[in-house]
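For reference, chains read A, B and C in written order, and residue numbers begin at 1 within each chain.
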């Protein structure tokens, strides 16, 4: 348990380290802003984002009542934008958690046990990595049907492989280290070793991977929604763009297109910068070059 | 006038923690037909010093003082372009046998001829022929001129390095730990090659190593470095027979002799000092068994004892 | 087996196995995944059970799975990837119609992207730590991280909608009757924005790659050796640093082809460029599963083949593999 806490406090230290990095700081701020918007969405929106309206309210340009105007079904764009943050972050994080969890499990088992099991698992990983991600997501989403959980599943299924690889190589190098030998000597069993010793030392890497996977997950949800595979009962930025695209009036309504595009771009750039900061911080010698 | 005169050379590395005084006020002379050995443990500053002779001091390191006079010219204030022309053709260097000292995607022939083409006005074909000759010179068949570095063993790669370094007949050759990490038989081959070069090409060499036995094989004179300073200098023979500085005594004493009587190996206790804040007075005093009070307060200067011997020690009068 | 030949055989063999695995996976996805594709296609309640059964029989979907799989493989061997629900003709033909446009777009854009990306990446790596490096790095990172479809929409918003410099989409102006040079000029005009999208995003990636490969190469010992020889900086950069830095760049090209596919789908969709990417979108909208399935196979196999070509090229240019037999 203490080891787990130790792992978690190293996560806190890790986040603080990220803050010292310029890119990391920028990324963390972007994340914070969008998180706040998502959490406080019910207070920030002006009307129900799903509420359609009457003809005269369709495709209204920005005005006092509809801050960003309305779409072709008279839905308020501003409110859609606010609630869209929830979907992006929700799908992004949930899919990432699943993908990282699966990837970590596979990586730890493959690394720790090695041998036949490890071989088989890594062949599966290799195979998944060979498949083109977007086409795979598209056909899975098309076959499974539009629902938020299907999207999350589809995104997770293409994102778990890098985590598996990274975690496995970390476990392999940890296995060689002395403390594993020492623990075995005092009679520690396999699961105890796995969860007690190795896992806490893999936590920083997992956290780093999670950041990277969240970035891809947010992007994947946006693309799938844009291509029309999103959940029509939810509001997402990608879906807003999809409807705009399909409406045929895209050229005359920059107010419909610009906000969701800008939001997607800013959120993804923020997380990408965060991801770069993560890989910088993890490089050996980072603390020293900063004089920490 | 000596071929290379080093006066009061100081090279410091400026880190956040402070200035590391890697080379702190050293003097050296190398004559035209002399092979000088530079010996000392890891971190004593010998590599930093010789890198400075090629002006390879990279930040955070900086030459903060002194002169390096090669063929009558101080090379420290030279422009980058003038220095570049000097490298490879005036002063050349053979590096420690790292795996990657040779470009893996270029044939050895090209790597030799490119230095020739840079410094001399020959045609490509002529340079290629010279490259073949160089390979013969170092004991590798000229038919291997089209091979890539990964096709050679460690010892042969070192010989290719020598071929490259001597290609333009430099006036001074520096060899930085050239045989470290090679097995004894290969070492022997490389050392006889070095000796052959000394005689045939009359090439003055600065030979850096931490291995005393190698110095005995190849060097006329020796300079002993400790913690960024030169503590003793003299002919190789006299250093072995009669080391004056306690550190040199410790070095010689810690080497087992194959022929001599069986005696206990003496090692020098302690560790080299941190060069950010070197000890006051003589830098060796914390480890010296003969240390007197004056050793801890006043730094001894290099004194000429006559007969080609110099020592920096308060014990020696 | 020596050097390149042995390397090539190994790689080709691996590629064949992968292609077979992809083919099997493709089958699995559509048969074993929960959700009857047929039911999804005919969500129209007016379609009766008998009609569905007819369709099922027609497409052989009522036979046992093992038989279906063998039939699938047999058809595949004849290049038959199914019949398009929407266009009522072989899926392969539908795809074949779209291939030239995609190739035109992707080859042009990729060549420009690789050249520009490598140049800027090499400069950034060479000047690591300086202002130019930071500028190039930030720009490349931003361009690379923006999703291709967002970049496309942004470009479209600015240049097509607001400024009206470029057309809104498609490959040529409809019913214009252009021929010959005029036609190609028109196509080029239409291709500019989608190609720019691909160049931004792929080029950005190459800048990052080349830069880090360059930084790695410059940290190697042979650079010090080259300096000690007194070579000119330009010679060191070209013969020693760049030649080594390009090796990993070639390898990564193969790996990133999978992502290039995603970019193609997005860019073609946004700009209505009639290529395979846009076909995917159309097939999704029309629920044309055979075509979707076929595009998946085509993309996956294309990637495997492209990877193979890249691997073989790498094996040829790296003397450690080409010549082989180190001591």
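Just so it is clear, a contact is a pair of C-beta atoms (placed from the backbone, for glycine too) under 8 Å apart; a residue touches a chain by one contact, two chains touch by 3 or more.
The structure displayed is predicted, hence computed values, not measured ones.
Asker: Once the contact rule is applied, which chains count as partners of both chain B and chain C?
Answerer: none
Asker: Quick one: name the chains whose C-beta contact count is the highest of any pair.
Answerer: If you count contacting C-beta pairs, the leading pair is A-C.
Asker: Please tell me the distance, in whole Å, between the geometric centres of chain B and chain C computed from their C-alpha atoms.
Answerer: 54
Asker: If you average the CA atoms of chain A and of chain C, how many Å lie between those two points?
Answerer: 23
Asker: Distance between chain A and chain B based on Cα centroids, please, to the nearest Å.
Answerer: Between these chains, centre-to-centre, one finds 55 Å.
Asker: Could you say which residues in chain C touch two or more other chains, in rising order?
Answerer: Not one residue in chain C touches at least two other chains.
Asker: In their complex, what parts of chain C are in touch with chain B?
Answerer: 220-222, 224-232, 235, 239-240, 243-244, 247, 318-320, 323, 325-327
Asker: Quick one: in the complex, what on chain C touches chain A?
Answerer: 18, 21-22, 25, 29-30, 33-35, 37, 40, 141-142, 144-147, 149-150, 153-154, 157, 160-162, 168, 258-259, 261-262, 265-266, 269-270, 280-281, 284-285, 287, 289, 292-293, 295-296, 299-300, 303-304
Asker: Using the touch definition up top, name the residues of chain A that touch chain C in the complex.
Answerer: 127, 130-136, 138-140, 142-145, 215, 219, 222-223, 226-229, 241, 245, 250-252, 254, 257-258, 261, 264-265, 268-269, 272-273, 276
Asker: Going by the contact rule at the top, pick out the chain B residues touching chain C in the complex.
Answerer: 54, 56, 84-89, 92-93, 95, 98-106, 114-115, 118-119, 147-148, 150-153, 161, 164-165
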